[in-house]
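Here is the structure we will look at, set down as structure tokens.
Letters A, B and C mark the chains as written, and numbering starts fresh at 1 in each.
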């Protein structure tokens, strides 16, 4: 059961054009009908959202939050605070980068008509975002154009018990090329809930590199969705980092909808303290000659629980598809848990699919080797952990963002605890 | 033994062979040389009966029967053997199992009694000895985890066991060190007699130092552009294939493209 | 190597599809408390047994048929099933010796290649033959008795060894376990019982041969195998059924208990009638199989070759409770035409230094659908647990399907769990290569399939391995081309 008042109040505060009011109301009704996901549902068996029911959640009240210090972002930047755009630093014209509210205006424009609101699907949390998003962000890269600098979208939370619904729409026209970074964070001393949705359309031959960083408060809940549609010969590369949060779940739904589409999905997730993180991937090969590569590394420490749940589907007559999935996981403490559920669902015969999953601990021999060379145990463990996740960090070099990201990543790594008595 | 007349072959809309004529008599060794993409491998695959090649014109006769309608296994049972350029790996199937199943299929087709496991083992060990190969070869899965050289030697072992009347070796020499090359040459030469014929498809002259051909053909752009004796191979080695470029037509590029994919 | 030679039997027909015309003694259709009391009374069971059945029935009434498996079937009308069908005998109970067995039945087993006359029987294999709901004959019983080994029908065990049955029945698969296990617990009619006493190595393979004959009847057998401390036993199970247009339900339960240092090897070649090429008829095979390594150093190994049934739903599992225990699962599942299989294993690591291995090979042809579903769970106390899982799927037609649904849950950092899976098409290049060596297409397919399954087939006792290879060949007849 859920308490509908907070959600209804939140909707009443949104000042949407009439053309959208009905759609928002319908989405809210759909959410209220199904409620929050429950652990009975197969897709939610490992992560419970029951605690949200006990929180005094409310919509942001303008101006109450305090902006956490802005880091240096090496590219164009839109910075949001409690779902309001509060800062921008970009030379890109509004037709390329703007708030979603401005970009779609009073009615859904033709370039978004096919995907806006439909790509993300109708799961209850997605409906809730559709009902309650504000401002949002929209990136439209015109045909054949390549953005020289990465585009950063920073979604910060500053008000206690606030619920936030960042919404992003990305349209990559034929042959367009860009780097997008979504960065989620918040005041480390407060509880809040971010429930973002990103819809991403790649037209024929388009290329997008997408970094997504969850660096929320360790008291926060993050339930994000990225829905990606790939047309012919397009390429989507993603690096998904989950570094903190009490509950952090990222769902990535990818449709290789036309022939020759390619995806590379990398990820690192860290579940330390008492945090629960889940990486939930659905990769649908719907057309011939698609290719997907997935490589995720998970670390669970303290009483953390990390979940990797990924499914590759190859639909009937989608011949010549090639999908490989790798899930590597380290358990660093006696109270931590890793759950892996790598699945293949195949309805065509001319395919090459494989997955592998491992769960183990740091290699004691390697550790001993490093220590015998004079490196102290803690440092040696750190080195080995870094080496372990490095396999999934190739895109940092391709995007030139290694220097920017590595310090945050290292800060998010588990404080090394010795397993020895 | 083998008569190829005006053979045209098309693969996925590209003409790869554009009128091949070739006559191989019992006892002869023919070398087919040519640059990459000239259609050499296509010719070998067509003779073994691989799917996906459209014969648009011409004919192939083998031992006075029309070869083209026959399935790959019917061709094998009629005595044709193709040593593959890239031998396949078949996990879980022991080499000895493949050899014996194949030999007994051929023997059944010829109306001969099948060989039991014990006789076969003796038979195959003689062949191994002849080729200077180790017994352990027999019990490994077919080509699985074999080095390139081992795979090629394994092809020669299969040939020695099946004793074909017409053996076609598709670039069996490429990538071999000198020792492996000796093994291959020894296998081929041991098969050589008045009844057997051999077609060597090769890029390099080197193998022909050990297996001396009766005739050498140069393939370019899907046609045989020159034929001659052994000296032609030596000439090719000195001059390379560049001088052939004039002769190569557009089809050559198409062939290149296709072979690169195969 | 060479001894696993291929002798493909190309035979278009399901050769085990004949019906034995024998007088049956069926109960009325449907299920209620009265039917259960009557089953129990007919079998002359002690009160505890009838009470257990009735409790199971009451629980079953609260359950719904599970829907999570990737199988589809028309609704099963549980009230249309005959829950008990026995070949009629003059005395009304199990024949005392083979001389009393109906000659028609003996002929049936001859025809199935399972001779029950001991002088002709397979050397070194003791057989319990179950025909519809009852065990009709058990061979080599006396010889086993001299070692203290109990090998008999379940009904007999209930009468002769009630203390063992009472102690172990439902201790691995409780009657509350799942919908089909509850149903089985309420109505199970017969099955096999094995008890191997302390320190005894059973000198021969024990085997049960299950045969469904009656139409419209369900088969609900129950097998309970106990290997006492230091004992070991290898058990084989084979199954066939006549060809019928309507589907039949088979809901069995198998429980294995291995005490300290004991070892149980359980092999199945399942060849229930799969239905015809259009998916009509065939057995719905919903089976719960679970073993518990209850004492330290115990070892349980499951091997299965599943080629029959319209639907296979089974997950032979191991509870690794004792320290240093070992669980293994080796499986080949083949689905052709419209067959569906959802099968796999659960390995539950509880004790320290426990090890498990899962090797699953799925072959999908025609419109067949094949799913691996498995769970590897390492509990917090399972220090140094090890699991290695390998799941491979071979796809043979554009209309087939292959799925892999592994669940890995690890709560101990000293554990090492590895899972690998691959799915690939039977290679056209491989086929061409073998055909160019003179093999027919069918021989080439069989060779590749046997190579693909080798890791599993080598776990089977020799006679069974040969039989399994033949079955694979027959089941794939016409699957490629």
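The rule is simple: contacts are C-beta pairs under 8 Å (C-beta built on N, C-alpha and C of every residue); 3 or more make two chains touch, one makes a residue touch a chain.
Just so it is clear, the structure is predicted and the values come from calculations on it, not from any experiment.
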*Where the centre means the average of the CA atoms, what chain is farthest from chain A?*
B
*Central chain, going by Cα centroids?*
C
*Rounded to the nearest whole Å, what is the centre-to-centre distance of chain A and chain B, using the mean of the C-alpha atoms as each centre?*
54
*For chain A and chain C, what's the span in angstrom between their mean Cα positions?*
44
*So, what's the distance in Å between the C-alpha centres of chain C and chain B?*
48
*Would you pull the chain C residues touching chain B in the complex into a rising list?*
1-6, 427-430, 432-441, 443, 447-448, 450-455
*If you look only at chain B, which of its residues touch chain C in the complex?*
48-51, 71-73, 75-77, 81-82, 84, 87-88, 90-94, 96-98, 100-103, 105-106, 109, 117, 120-121, 138-139, 141-142, 158, 162
*Complex interface listing, chain C residues touching chain A*: 68, 378, 380, 393, 395-425
*Inside the complex, what are the residues of chain A that reach chain C?*
42, 316-317, 319, 329, 331-361, 419
